[in-house]
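Accompanying notes for the structure given below.
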Amino acid sequence: MKVAVVGASGYTGLELLRILLRHPELEIAAVTSEQRAGLPVGDAFPALRGRLDLRFESVDPGALAGRVELAFTALPHAASAAAVAALRASGCRVVDLSADFRLRSLETYETWYGAHPAPALLDDAVYGLPELHREALRGASLVAAPGCYPTSVLIPLAPILRAGLVEPHGIHIDAKSGVSGAGRTLADGYLFAELDGNCRAYKPGFSHRHAPEIEQEASRAAGSEVRVTFVPHLLPTTRGIATSVYLRPRTGDAAAAREALRDAYAGEPFVRVLREGELPSLQSVRGSNFCDVALVDDARNDTWILLSTLDNLCKGASGQAVQCANLACGLPETMGLLETAPQP
Amino acid sequence: MKVAVVGASGYTGLELLRILLRHPELEIAAVTSEQRAGLPVGDAFPALRGRLDLRFESVDPGALAGRVELAFTALPHAASAAAVAALRASGCRVVDLSADFRLRSLETYETWYGAHPAPALLDDAVYGLPELHREALRGASLVAAPGCYPTSVLIPLAPILRAGLVEPHGIHIDAKSGVSGAGRTLADGYLFAELDGNCRAYKPGFSHRHAPEIEQEASRAAGSEVRVTFVPHLLPTTRGIATSVYLRPRTGDAAAAREALRDAYAGEPFVRVLREGELPSLQSVRGSNFCDVALVDDARNDTWILLSTLDNLCKGASGQAVQCANLACGLPETMGLLETAPQP
Amino acid sequence: MKVAVVGASGYTGLELLRILLRHPELEIAAVTSEQRAGLPVGDAFPALRGRLDLRFESVDPGALAGRVELAFTALPHAASAAAVAALRASGCRVVDLSADFRLRSLETYETWYGAHPAPALLDDAVYGLPELHREALRGASLVAAPGCYPTSVLIPLAPILRAGLVEPHGIHIDAKSGVSGAGRTLADGYLFAELDGNCRAYKPGFSHRHAPEIEQEASRAAGSEVRVTFVPHLLPTTRGIATSVYLRPRTGDAAAAREALRDAYAGEPFVRVLREGELPSLQSVRGSNFCDVALVDDARNDTWILLSTLDNLCKGASGQAVQCANLACGLPETMGLLETAPQP
Amino acid sequence: MKVAVVGASGYTGLELLRILLRHPELEIAAVTSEQRAGLPVGDAFPALRGRLDLRFESVDPGALAGRVELAFTALPHAASAAAVAALRASGCRVVDLSADFRLRSLETYETWYGAHPAPALLDDAVYGLPELHREALRGASLVAAPGCYPTSVLIPLAPILRAGLVEPHGIHIDAKSGVSGAGRTLADGYLFAELDGNCRAYKPGFSHRHAPEIEQEASRAAGSEVRVTFVPHLLPTTRGIATSVYLRPRTGDAAAAREALRDAYAGEPFVRVLREGELPSLQSVRGSNFCDVALVDDARNDTWILLSTLDNLCKGASGQAVQCANLACGLPETMGLLETAPQP
């Protein structure tokens, strides 16, 4: 099945290419990049030298019609929605990696991102977290691949909320991300010399764009309004998110919480619920599509801590997008995705 | 004034030497190390080549009597208390960097560390956080230099607790530390290849030895029992701690909290309370004795977040020890400590 | 085809497991580790949780007879030769990742490594650099997988020597390696805090054990004795080797040298000769089995510089070992090895 | 003595401020930055919060006349020369950190940098390597602080050349630098995600602007024309240069070479010639003004290797500039510069 990667020059686009190159059924037929149109892909990205004999095309969704059955769109928000609308109009299935179709409320979208270029498509989009919405993803024509932070929060948190085991307000999320989450943004703050050995919180409280996305999906899982405080941090590394979620249990039955996690993920190919005493690390998941999860009980302070790790570019973005594409296209869900994290 | 560094071959010992070499009044007269006795200091630590013309001596507190007026002890717990007892018996003033005199309750100490070799000295020890206990430190004969994590937590938290502005239970502390906090421990988990690009929580909940130390001092500040959940993490860097403390405000008056911080630290030489909108980073404090602090208000979720950064080996250990020594010896508090963090 | 990884708890063993898990024809039937015998593999190596349902066995080559057709041995030198001898005696094909069968001269081996436990097998071993010895590797029963540094040197250097274009003496090799090359050695010098941001030469001149291996194969390529100065360095990263080789051209015809490289590697799946003006980087090859190569001409100083990069654990060790196993077993040479380097 | 830092917003400017803040005689009276004019210094550089109560001024050399006796200029080349000319005209002593006054040949300058705005001043400038030109620096009115790479090469190389012990052609220099050497350049290649764990050669051969500077000073030391091949590399760290220089000895008398080094640097405060068997590392010098040097003899291949390490922003730039300023102003040469490298 021929696919296109629209907006392939950013880090999620590159990661898509890397995964698709090992995918036995999805074949990269077109890659687009406005800035690099005309350039051979291997010239722009030396890791791909000799691996992919294509040139970047400029973004022209019409030109892709008929050439590909599926497109991954990895453009900045708003630009992505416009491309998605054109691709959908030509009958192309789309997995969108931007934020444009993640929020179900147009009002919330516009509060955080500004005007939406294709609001009519919002209802068609399925939130692409297979562990929460697998059935809706099968055969889906438009998938909104989740944000990296929301994935790292929702995988451990959703089963606990669904089981009604914790207070839905006063949830504290402390997340630490590798720098690639910021993409290839050219700003002082992302220079090597500014981040080497550094660590800093940014957009703390409820000011990061992933915060409303977390609350939307957490509230769906809980069946009632969830409130979170979200404090993301930059880590001095490139890939990976380590997240801690602090919860106030309603009953203090940590065994029930552990069981809720195990039940939810017993058959899941990419979520590993660790045994009591084991703790997740970035190194165990970096470069892979796995998400490792643990629950720690601090009964003396009426607190549970959920810990999770994943690779922000893979399970947090492009790996998950391919997982959704597999589901949407009727392929085995794990196809092309069972790579083990390199250790070390 | 001649001083000794007892246990100078670990990272806090080395950092003490680095600071003392620039101190105009404290002169390094003896350095001890059981393992390296007889070796010139510069042979063991190449950064000190040509800087310090001394050989390591074996640890013999009696031999130091009369040679030095002040000793910094940086031995493992229990070993440190034994050395402190001998040094005190010979009339030497001591700043101890181990955990042996930090906890005021012998019972708590024994729960976490085992038998105490010198319990009679516990009452003499002053907890060496000048920002909280300056007056008691002036002229003190035995100072217990605080742990790195407790320093990073207590500097932002104490003024808020003292003002009674937050719930004393249900406090969540998420701390991220550079690897030097583990000292020179030879274990798989501290190898470069295991930590490069890695991040992981360890001893989460109430299982790290710094947790009871935090509660002790937080409770003193609050005037009532404080309960904390403490989740330390290892960062892929060598120096620095970035800490987030999640609090439930009693009244929601964030302006009062900011004022409490500003009032507490208006005249402090090493605590910088950032303006609203500014956030601390490791790079701004690494290598220096400064602690940067900010408060973020997430009113919609009834949460305040305190953020702090410091260098675990300097303000979190050896810099603070020298600050305490300055106070104990009647020297200007900032002497030898006003170095600016290198940026980048 | 069932295979064993003998000595699977080091970094090259782990990397073998990672590669073999994606290999469609080679199935991991046994993994051994003296230290970890009895432990489930996923407990020792969290990246492998849920990926490989095996326990470590203790090293008992006899017990592997009949169970596997091929064994990868990744034990320390001497221990490896002993295991290889037992495995060969039971008819098992072996790819050895230790240094035991790399040197063809027993005398040279003994000078650098001490007594050899199985000298009779030396003549059977094929040096496992497919780009130099492909035909000998087809169907080989004992392969000596090359050292990481020799691979990074010989790939660019052999074609130039073979063509007789440079002086065979006075060759200067400056190599920079990630720390994983040292394996999981527990020593102060490999702690994170000692290597973070550090860089240092070690064993410079002709004192690293890879130096005689380089000279052996370089001399074979040249058809006469080659002399090299070899200065390895540790880089503050985990994976990858970047090597510079300084050569004195005989005629100064850099075009001929470039042609020699291009001719040698035109059809090679894993060697990419860069175009003039392009330069190799670690990031383009890290995590992959590729080796990128460039030649720079500094005619005004009668010098050519060969630059190469590869991943020391993959093309420099385990990836190359699998490449050799594919050749030895009659499988397609690239099977399981075409993974692209993650960028970033 | 009041001083100005002209162009204080780059990394060398920042490092100057850090050093001057601890300097007992030089007082920062003015800092300029075109981009940041009007901004308090502590707002731009959080490490300086509370340390320096000044605002950036725009660059107006006339406005500095009478206010400062000495100016450090750290502007881009050409811009720096123009500022220097104005400052000199107003009688201000200048230490220039740009490349504008390093090359004694106007023709060479123009080949590498373009037109020179103040060629008349070239003859007044003293090349600011105190270990080579101390006497000329005493009382100098215009100092050209050397490049970071040339410093790392010339300190080990000059005494060997001066003694006539090696061939002056065919010298091979392999240098590895932390990223801060590129300053705060906003380009893809300097993003954290592009450099983390990466290493790559750049501008190899004779194409880096520091190459002619190296040859100029090496030739002065040798008393005849020296030819070098210079291959700089980027390291995945922020600070520090590790350099290897490969030499062909004329006589092979390595003892004479070691003696030349020891004699040259016996009384030097900032150059440490290591004993045989010791090797320099970045960690031993990073953050300090020291340069560590070793010589390795590979007699079997007629090669000597000089190894050096220094901090590119300190001994390679701002520390050396202050060292020169001390000499120019008649202050003790080491004043403000004896800080020990933090280890770890």
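Every chain is named by a letter (A, B, C and D) in the order it is written, and numbering of its residues begins at 1.
Everything below uses one rule, namely that a contact is a pair of C-beta atoms (placed from the backbone, for glycine too) under 8 Å apart; a residue touches a chain by one contact, two chains touch by 3 or more.
Model, not experiment: these values are computed from the prediction.
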If a chain touches subunit A and subunit C alike, it appears here: B, D
Candidate from C-D, A-B or B-D with the same interface as A-C, over half of contact pairs in common: B-D
Centroid-based (C-alpha) most distant chain relative to subunit A: D
Length of the line joining the C-alpha centres of subunit C and subunit D, rounded to whole Å: 39
Intercentroid distance (Cα basis), subunit D paired with subunit A, Å: 45
Residues within subunit A bordering two or more other chains: 11, 178, 180, 193-194, 196-197, 236-239, 280-281, 283, 344
Complex interface listing, subunit A residues touching subunit D: 11, 178-180, 184, 186-188, 190-197, 236-238
Residue ranges of subunit C touching subunit A (in the complex, touch as defined): 11, 14-15, 17-18, 21-22, 45-51, 180, 196-197, 238-239, 272, 274, 278, 280-281, 283-285, 287-288, 290, 292, 313, 338-344
Touching residues (chain side subunit C, partner subunit D) in the complex: 169-172, 174, 176, 178, 193-194, 196-202, 204-206, 227-229, 231, 233, 235-240, 242, 244, 246, 248, 279-283, 286, 296-298, 300-303, 305, 307, 309, 344
